[in-house]
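You will see chain A twice below: alongside chain B first, and alongside chain C after that.
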Partner chain A sequence: MTVQPRLAGETGSWRASARSWYASGDALPFLLLAPSIVLMLAVIAYPMLTGFMYGFSTGTLLKPGKFVGLDNYLRLLQSPDFLHALWFSLLFAVFNVIGCYVLGLALALLMNQDVPFRGFFRVALLLPWIVPSIVSIVSWRWMMADQHALFNQIIGAFGGSPIYFLSDQNWAIAAVIVIKIWRSFPFMMLSLLAALQGIDRSLYEAAALDGASRWNQLRFVTMPQLRNISIVLCLLMTIWTVNDFDTPWLLTQGGPANATENLVLLAYRYTFGRNDVGLGSAVSFITLIILMVLVVVMLRRQRER
Partner chain B sequence: MAYPATSPARRWSLFWLLVAITLVVNLPIILMVMNSFQTTEQLVSRTSILPHDLTLANYRYLNERTSFWQFLWNSFTVSGVSTVTSAAIAALAGYALSRFRGRLVTGYSRALFVVQMFPIILALIPLFILFRTLGLINSPLSVIILYTVVHLPFATWMARAFFDTIPRELEDAALVDGCSRFGAFVRIVLPLSGPGLAAIGIFSFLFSYNEFFVANVFLKDQSAMTLPVGITMFMQQYSTDWGSLMAAATLTVVPTFILFLGIQKWITYGAVSGGVKG
Partner chain C sequence: MTTKARAHPRKAGMLASIAAAALIGLAPMAASSADAVKLNFWDMIWGPPEYIDAAKELVGEFNKQHPEIQVEYRSVPWNNWYQTFVTAISSGTAPDISTGAGYQAVQLYDQGAIRPIDDVIEELKADGELDDFLPNTVDTLRYDDHYVALPWGIDIRVWFYRKDLLEQAGVKVPTTWEELRAAAKATTKDGKYGIVASGDTGGSHFLYNAILNNGGGMFTADRKLDLKSDRNMEAFEALAAMVADGSVSPASTGYNSDDRRAAFNRGQAAFTLDGPGLIAQAGAEAKNIGVLPPLAGPHGDKATIFWVNNIMVYEQTKHPDEVKTFLKWWSKNQLPLWTKGNTGQLPTRKSIAADKAIKDDVARAYVLNNYVPIGKTTATNAAGIFPALNDVEGEGAMQSFAQELWQGKPVGPIVDTAETRLKSILKE
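What follows is the complex of A and B.
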């Protein structure tokens, strides 16, 4: 628009108030956050509300169904598939968190010493974390696919009989957990290494002066210093493991006989396999609630510090 | 280095221990790369773990008989666009988190935590239905929108960590000279955070490039698939053709490695400081 004498007082005052709002300094943070808030509303808030509604109704991906109240949730509580998925999610998270924490801590302690080419090892040990999930699964699958695969050749060389890693339920569970640990430990290692390097060296000097052995230095100096970050890291890892779709899906597709199906895989199967949006949404909503509880615990801890 | 006075003997024994650990840990990847130069017949019949008679047959097969390059192109498009959008949006939000306080900013930080833990499957169900009516299934746009949001928490925390290192005095000086607050951000702070933004961008690119779940739900048509989804299709169609599968996986990982080398010194920034400091 070209320059014009002010016509409508209304627009003028709207503009003036907008300008004074901006000048007051309250506007800038809002404007900076606006694009991401809009996106979060569309991709997180809207689906969260709709998903909540879907959980109380029947319906397919093609057409909405009718309201059925708590029916979906009641059906889930009686479904062995759901109870199994809940149990497997827990098992998966607990074993992965313990496994990758122990491995990550051990490697971080090793790397926190004066080793030649430390920078190289730091990068090389991160590879399992940065390769795409599909690549790690292809490489692992080849080693355990059938009775002629590498692991079974090794077992055979020692006189053992072949193990069907992907078609035996217990072995499949073990395989999914081991691969998940392999994919997760570098993150733990890296974070713990950063924390170790932040510990004040004078604490060790004081402990050494008091005659503390290396083991006691680890126990009474290092571990207490790592306590807070360890709790946060383990909670984060728990969240990521509960949300993991790639590892179990790409390795076993939840099989054999749904043995490696966690809550996310179950929600996916109900929704996109059985075309039951209500049941799938209910499962995902329960997953959200479980994770929410974890996050509240985490935020509490953050505030305590 | 927490432990002082290490003897050379100890240093080098630690070194060899780490060499062994690194080899064992990366064995699946090393074997995959070596096996990609063997035909499936060689792989099935050979008795030693090391490859012999290296061949490019698998790569030739990928090039001539599959849509590998199409998948790669799709991956690059999706990752490239979502990288630019998430870096831009995260830079704005990260600046707000770094320089302003108040209820809005606190609330926003909380929301980022929610996004971080959000089970993406819960978003995928309603969005699949919505995108189907909008005709966005098989469109790169569907995946780009989701990636932008999924990357938001780490990218914002990382941007904030970079902006925190830039002294406020610089902006104050610009304000005195008559620059607006936003002008100071664009003209002073952004140019100084080039390396930081580059790191955020490479991270976003890596995450999008590696991502499988979201792409698997929205990209159903072969012409739209990104690499991870495309490879699962190979896996289902030729489940026993290990040679080509290994070659596809090896080629997939090449861009990942190159980008990773570019960001490895920044890695603790986003992954750790962001996620932990909040």
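What follows is the complex of A and C.
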């Protein structure tokens, strides 16, 4: 008898506060965001949490194993495969970010000038980015696969001996990096071109009045104006390169002798080739942690400046 | 609406009669379709596009003959096949029955997803039908004292040679490893090579072929890794010697199997190791390609690697009896997969192998008669197949080994690396 009125009263007050919260308009943003949040929890947070838990266990995707604590992570740190994949991922990211940034910037500066057929070139230069990876990378394979392929025909025409680009560790690493730069520079170019077009022309006029050369205008006007977007672009490109599966997989499948195997390929090999989900998840989480640390450090430094 | 209906009373009446008649007429059909047991059959793509049409047609034929069971056919591509099956099983949407590669059944059985078919084997034995299977096939799929799948097709690796290149070099068809080495050396000239291999999974098949051909094997009888046995090392050294001779195309490491096949079909190498379908897919070049007789190793052994591909039943099925009916029917009536579907597999049933369509294909018939009887699995010398074989073949340790071998690296260190990796996979 005494409980029921109290419960009814509590429910009533909960309803009343919900109604007043809704009436105040504060609830609207949460209600609008709710479907997206639920979706993200279902397709991102839940798999990520499950993957994180897998990292502390043995077993396969079908047959859960036992909890092994940090054993998978400790095994990885002693594994030459993991250390090599880490080193290659770093190399791949550094060379690609530098390569596609320099090329993208150079072409953006050129496309920002009044050059003939500018519209045509702007579209043509986007092609490497637009063409599906399977098409472009298989085409590259054909051009460098053996002694009869296009590149070796050219080398032969100049009297050189054939180079087996995909059969030698060093050449294969170079090939994967070059193709990744080729696939990535259009995005850099397009973004930097947009940023270049947003720079106030009066800054250049003022610099010209002060007697600044073209080089000094680039150095002291253009580059500082591009700094923020450049940081964001380089961050994005680093993340995309470290997470790139298509380029090394379609070109070399991580070979020869795992020379072009990055962390993502290694996680795939452990999970689906070796059927060791714990080890595969551990590689994925180490990759995630490395990328998160990188992003946080770079964004902090940008804010400090 | 009412007005319209009133305006055409005769037409409305006629429509109602037709509808009623249709309902009465269709009633038994609808009831029969609703009562029929539905089975999901997932079939890997075992051949060219016409294979899928032939398989669908065959399923249609079964459905016609068995109105009480309706099988739905789904063609499954090889890309990410493991993920496809694992995802389906873990989400409770596995098929009732599927075909699969050599060790899929045993691997999934070990994880509780496959229903043993001991009862089917017993029934086939009682009917005398078990004798229709080629020797070396049904028992290959026995694991943990259970039959985990029924064989349907054989994939095997055999040596092919270019008749034109051997003729130009004045070399006779080799019959031993020693003769193969000499022939490969003699045909390496003018930018062409004796042997073309590859750096993908197909590259590792050269290694399996070599060790089995030399009387070796990857495992001991108790399933422990035995990669560095004397016979295995001798086989690896034999391949390394051919690389050292300069007889193996330097592009082999970077080639995948399609590249390798294309280079061989273009006449850029005299020998390669491939599946029995190579000649059928060579187009106009088929006339220049022949199958080598099984080569004798240095100790006189003859063997090659083969896989018994199979058809398996899933634990999740709610209709085990109907699945059994379909499994037995499919196994017995699958000839159109060869005659219409042009599958590159070799049949596991003698009755199908005896069909004119198979016999008329000289190369395929030769492989069936001369190579299949000496086929061995990756499990050799262990007692039967076991789940870890899928990981051993899929993880890429032997692939990396092959890549480094084609690069001309010394055998010792690369065998050590492969052994460490394989032991890690096998948790030894």
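FYI, the second predicted complex is superposed on the first by the 272 of 305 C-alpha atoms of A that agree within 3 Å, B and C clash if a C-alpha of one lies under 4 Å from a C-alpha of the other, contacts with A are read in each partner's own complex, and residues count from 1 in each chain.
Please note the rule applied: contacts are C-beta pairs under 8 Å (C-beta built on N, C-alpha and C of every residue); 3 or more make two chains touch, one makes a residue touch a chain.
Note that this is a predicted model, so its numbers are computed, not measured.
So if we stack both complexes on chain A, do chain B and chain C clash, or do they fit?
clash
Which partner does A:F272 contact after superposing on A: first (chain B), second (chain C), both, neither?
After superposing on A, A:F272 lies in contact with both chain B and chain C.
Give one of first, second, both or neither to describe whether A:L61 is in contact with chain B, with chain C, with both, or with none.
Both chain B and chain C are touched by A:L61.
In the superposed arrangement, does A:A172 touch chain B (first), chain C (second), both or neither?
second
Residues of chain A touched by chain B versus by chain C: which partner has the larger set?
Counted on chain A, the partner with more touching residues turns out to be B.
Of the partners chain B and chain C, which touch A:L190 in the superposed model: first, second, both, neither?
first
Scan A:H148 for contacts with chain B and chain C and give back first, second, both or neither.
both
Taking the superposition as given, does A:L77 touch the first partner, chain B, the second, chain C, both, or neither?
Neither chain B nor chain C is touched by A:L77.
Mind working out whether A:L32 is in touch with chain B, chain C, both or neither, as first, second, both or neither?
first
For A:L125, is the partner it touches chain B (first), chain C (second), both, or none of the two (neither)?
Only chain B is touched by A:L125; chain C is not.
Can you pull the chain A residues that chain B and chain C both touch?
Common interface on chain A, chain B vs chain C: 61, 148, 272.
Considering only the defined contacts, which chain B positions touch chain A in the complex?
1-4, 6, 11-12, 14-15, 17-18, 21-22, 25-26, 28-29, 31-32, 35, 44, 49, 89-90, 92-93, 95-96, 99-100, 102, 104-105, 108, 110-111, 113-129, 132, 145-146, 148-149, 152, 156, 181-182, 206, 209-210, 212-213, 217, 227-228, 231-232, 235, 242, 245-246, 248-249, 252-253, 256, 260-261, 264, 267-268, 271-272, 275-276, 278
Show me the residue ranges of chain A that touch chain C in the complex, using the header's touch definition.
Interface residues on the chain A side: 60-63, 81, 141, 145-148, 164-168, 172, 252-258, 269, 272-275.
Contact residues on chain C for chain A in the complex?
Within the complex, chain C contacts chain A at residues 80, 82-83, 86-87, 89-90, 107-108, 110-113, 191, 199-200, 249-256, 259, 263, 268, 390-391, 394-396, 399-400, 403-404, 406-407, 421, 425.
List the residues on chain A that touch chain B in their complex, please.
Those in contact with chain B are residues 25, 28-33, 35-37, 39-40, 42-44, 46-48, 50-51, 54, 61, 107, 110-117, 121-128, 130-136, 138-140, 142-143, 148, 150, 182, 187, 190-191, 194, 196-197, 199, 201, 204, 214, 222, 229, 232-233, 236, 239, 242-243, 245-246, 249-250, 263-264, 267-268, 271-272, 277, 280-281, 284-285, 287-288, 291-292, 294-295, 298-299, 302.
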